[in-house]
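Chain nomenclature is as follows: A, B and C, assigned in order of appearance, with residue numbering initiated at 1 for each chain independently.
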Amino acid sequence: MKRYLSQRLLLFFPSLLGVLTLVFFFIHLVPGDPVEVMLGESASASHKEALRRELGLNEPVWMQYLGFLKGLAVGDLGRSLYHQGKVMDLVLARFPATLELTLAAMAVAILCAFSLGILAAWKHRTWVDRCALFFSLLGLAMPNFWLGPLLIIAFSIEFGFLPVSGRGGLSHLILPALTLGTAMAALLTRMIRSSLLDVIHEDYIQSARAKGLSELAVWLKHALRNSLLPVTTILGLQFGSLLAGAVITETIFTWPGIGRLTIQAIQTRDYPLVQGCVLVIAVCYLVVNLFIDILCRVIDPRISYGR
Amino acid sequence: MEGKSLFATGLIILLLLAGAAAFAPLLAPHNPTEQNLEKDLFPPSRAHLFGTDKLGRDILGRVLYGARISLLVGLSTVAISCFLGVVLGSLSGYFGGWTDHLIMRLIDVLLAFPGILLAIAFTAVLGPSLRHVVLALCLIGWTGYARLVRGEILALREREFVHAAEALGGTPARIVCRHMVPNLLQPLLIQATFGMAGAILAEGSLSFLGLGVQPPTPSWGAMLSEGRQFLLVAPHLTAFPGLAIMLTILGLNLVGDGLRDRLEKRGK
Amino acid sequence: MVKKSKQYILRAFVCLWIPLAGCLSQPQTPPGYLVVGLESSPGRLDPRYATDANSVRIGALVFNSLVRADENSRLQPDLAERWEAVDERTYLFHLRNGVTFHNGKPLTAADVKYTYDSVLDPATRSPKRGPLQTVEAVEILGRYLIRFRLTAPHAPFLENATLGIVPVGSPPVRGLEVNLIGSGPFTLEEHVPGEKVVLKSNPVYWEGPPQIAGIVFRVIPDAIVRVLEFKKGTVDFVQNDIEPDMLPWLESHTDAAVKIDQGTTFQYIGTNLDHPVLRLREVRQAIAHAVDREAVIRHLLKGLGTGATGLLSPAHWAYEPRVPQYRFDPEQAKRLLDQAGFPDPDGDGPLPRFTLSYKTTTLDLRRRIAEAFKEHLRRVGIELEVRTYEWGTFYEDIKKGNFHLYSLAWVGVTDPDIYYNLFHSDSFPPNGDNRGRYRNRETDALLERGRRSLVSAERKRIYSQVQHILARDLPYIPLWWTKNVVVMNPTIRGFIPYPDGELISLKKASFSAAKPPV
């Protein structure tokens, strides 16, 4: 484990650099021109050229890449081309909102998934199980851009006690978290149910039963533990996609998150800002997955890494 | 017994959908691309069972024809991603060490990469084609399966039956295929259902970015995207393609569950 | 382990749901403020940088300029009480006395000079520098008198006098724009990029303070959510950012006051004249006859457009109504195509005469319009391949001339000199926006004369000729001028819509009834 962890930590920065490098070349090579966005349509060719030179955009891409690495080494991501503000300020201003929504969505997903998953396995092949299946299929098939407005119509317009959109108090968080968390809840419900069913007949569960543990204790203590492994893996995977992929939910609920900022940065070809967004998302994602790897080991001590 | 009837139901659903896709030209009451601006946003009626969209096109016809694109994209994406994921995930989980590190870090890199940028790059370099959509979706899609498989294999590796198989001189490939993969079927299946729904929806968004099928060719994902702004005034635009997606993954789920039951029985 | 995690789950549950009761509704808007819902976020508000429609409109409420266009696109005095062209290269502006900035300092000629010099300084990186290139010097002749000298006669110069004036020494803000100071009816209270702009009434405004306490511009990117916010009463005012099909719903489900007025935004199909088929004028004319504009306007736009004859709208002083027009006539289109040498290989059968691509952006409405056109052109035997692209890719292709047909719009056209930028053979990208590479010696000569002449009647004659030629040659196939639609809280009084969508009249708006707290 120690060796595994040290190797894992050693690889943290190369992976991070890998993402940033890949994104750097992609964003520089796709068509589009940030100078056009900055100076507008009426700018003369010579003005554009001058600004391009000033920003170093006329240099070969690999030279720009070296410049980017130099900046990165001293922690300077530069200024946004479009907003002019420091990239780090812009990204970090959006970060709390993103984290808040991601965590809330995960909380929703975990809460729903564990209760429904356990219920479905417990009442295996009854109507409860069927309802859980139906719910999770609904959750999977319902795109966020559908669910979001639906929830708004129900809870903000018809019942009228939640705000429609925007970020503010806790009341603003409920609907976006539900919207974002539903698909994940659906997936996790199925995972939990199936892994519970997988082990419930296995020997060690039977022996736990034989030892006279109550049925509930058997379920919670032994069976559930087995399901935690795939569930944590999925959680780690989903965390990344929630961080970066909440764009639709952010757009619907006017949520000032990083997802929308990333899209805007890509659309305006705001190279430094794109890098800043990707950096923050990648760091979060890598840290979470490192943590998840360790957690898996704690959950299931039988796991050994490498030979 | 009940399991069997559910399996049969699932199979029937999938066959019906496949049939709808295959015989769309025969089944569709109207040409799916025929416009009639006068008849925009008609609710479901006798003449148009599912109603019409903003351009006055028959939604039933579009759902039927859309099945072709959506099922094709969904199934091929899931199949290719799943295959890649299982292979790379088992390599990673079984051998561990630097193989594991390499594959897992590759996944990290891919997952932290913004999807829209990938789509823009694909559009710019490759242009619109269904194959490119599948390629783009698989490029990201396999990672989920790989991580799942790796995690499970890490846990399974230390189980008695694996040790026993190893002691008997089984090759890694054989051990993974015979002893481990059957244990993985259920989580893989769930992930695949998820991936199917995701791929069908993503195809719609990619089509807007210029990567997928281009209008007016119908696909469920694109229909959902197009109908979305009429959610308040004409919900039938999104309801029917949405239902079609739900039916698809319901069918897949039931069939998958049934298959797993069968395999398990044979294994015991 | 399991127990512990269960506790955490329980705790998370409690944390998430219990406090909800306490904070279910928090009023977001201060009382008396008017809330405007916007689709896209305004960029930078500093007038030296503001280029997108929303930041220009908001900027006009915070800053004053020398002159300002009124609701009929005619220039009216603002900071300049009057102005005169001393000769064709020299303009004199007499500034109003007693105007003060939000910080209390008086606005004088020095501030005007500073603002213009700042834009002209390359280090400012102002997108407004291009149009000001002809300015040679800005000179202070007195505390309230300023002179502009140009390098060459340039008729559209006065259009540049609509630049918002900032106080001497305001450095271009890099980063959050919180301390922008203007002299307008509202002061900038808060600007959260991508989220909102809050303006507060300026109690000492020189024209008299606005009647509303302030304005909140909220960015609500989703079309449905904008409507739902309005329905809920948390948004008072939305202009144009409403889907046409939502209007009947709004009228039946809310008490909205809906105002529809003719606007000036011009929608067109751009053609590539380097293309072997589109090079032929008959083909372009055939396309113009083949697309059923009226049906698209009636059904897809729900009437929120008027068939266009050209770039300049009827409200414009240089508008020329007597130009060749192309009514919907598929038979005529077929005849023209036959004449051009593209007979239909199989009559009404599936084989097309030729295939063209049509590029557009990912906007729902644009995509739908493209699909309708595809169908219209199919009926005359032209196969259209519709391609939708994300904006950056789309725009790069258009600029490079990598297109057959594309669809875009021109917003806020004021001076007809825009024709030079669009159709003069000097204006091929990257020097201008003649993306279809239209060349015509006659037009070139007219456009050069047009920008030098300062006599209004002569200019009108010149541009009327230009409009004639362009309507015949059709480098742009005109589609429609969009109508502006405003959906607002029925208690709002005093708002006057502008054809270009300006919101400046909000300074005179008021609520007729006390606005209930939301």
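The rule is short, and it goes like this: contacts are C-beta pairs under 8 Å (C-beta built on N, C-alpha and C of every residue); 3 or more make two chains touch, one makes a residue touch a chain.
What you are looking at is a predicted structure, and each value in this text was computed from that prediction instead of being measured.
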| item | value |
| --- | --- |
| Chain contact topology (line, ring, star, complete or other) | complete |
| Most distant chain from chain B, judged by the mean position of its C-alpha atoms | C |
| Length of the line joining the C-alpha centres of chain A and chain C, rounded to whole Å | 36 |
| Where chain B and chain C are represented by their mean Cα positions, the distance between them in whole Å | 41 |
| Between chain A and chain B, centroid-to-centroid distance (C-alpha), Å | 20 |
| Interface hub residues of chain C, defined as touching at least two other chains | 224, 390, 392-393 |
| Per-residue multi-chain contacts in chain B, two or more chains | 116, 120, 124, 228, 231-232 |
| Multi-chain contact residues (two or more partners), chain A | 30-31, 149, 153, 266 |
| Contacting residues of chain C [partner chain A, same complex] | 1-2, 5-6, 9, 12-13, 16, 19-20, 23-26, 28, 41, 43-44, 51, 122, 125, 127-131, 133, 173-176, 192-195, 218-222, 224-225, 228-229, 231-232, 234, 390-393, 395-397, 399, 421, 430-431, 433 |
| Residues of chain C touching chain B in the complex | 223-224, 227, 243, 245-246, 248-249, 295-296, 298-300, 362, 364, 367-368, 370-372, 374-375, 385-390, 392-393 |
| Contacting residues of chain A [partner chain B, same complex] | 7-8, 11, 14-15, 18-19, 22-23, 26-27, 29-31, 125, 133, 137-138, 140-143, 145-146, 149-150, 153, 183, 186-187, 190-191, 194-195, 198, 229-230, 233-234, 236-237, 240-241, 244-245, 247, 262-263, 266, 274, 277-278, 281-282, 285-286, 289, 296, 300, 302-307 |
| In the complex, chain B residues that touch chain A | 2, 95-98, 100-101, 105, 108-109, 111-118, 120-121, 124, 143-144, 147-148, 151-152, 154-155, 157-159, 183, 186-187, 190-191, 193-194, 197, 201, 224-225, 228, 231-232, 238, 242, 245-246, 249-250, 253 |
| Complex contacts: residues of chain B adjacent to chain C | 33, 35, 37-38, 40-41, 54-56, 116, 119-120, 123-124, 128, 207-210, 214-216, 226, 228-234 |
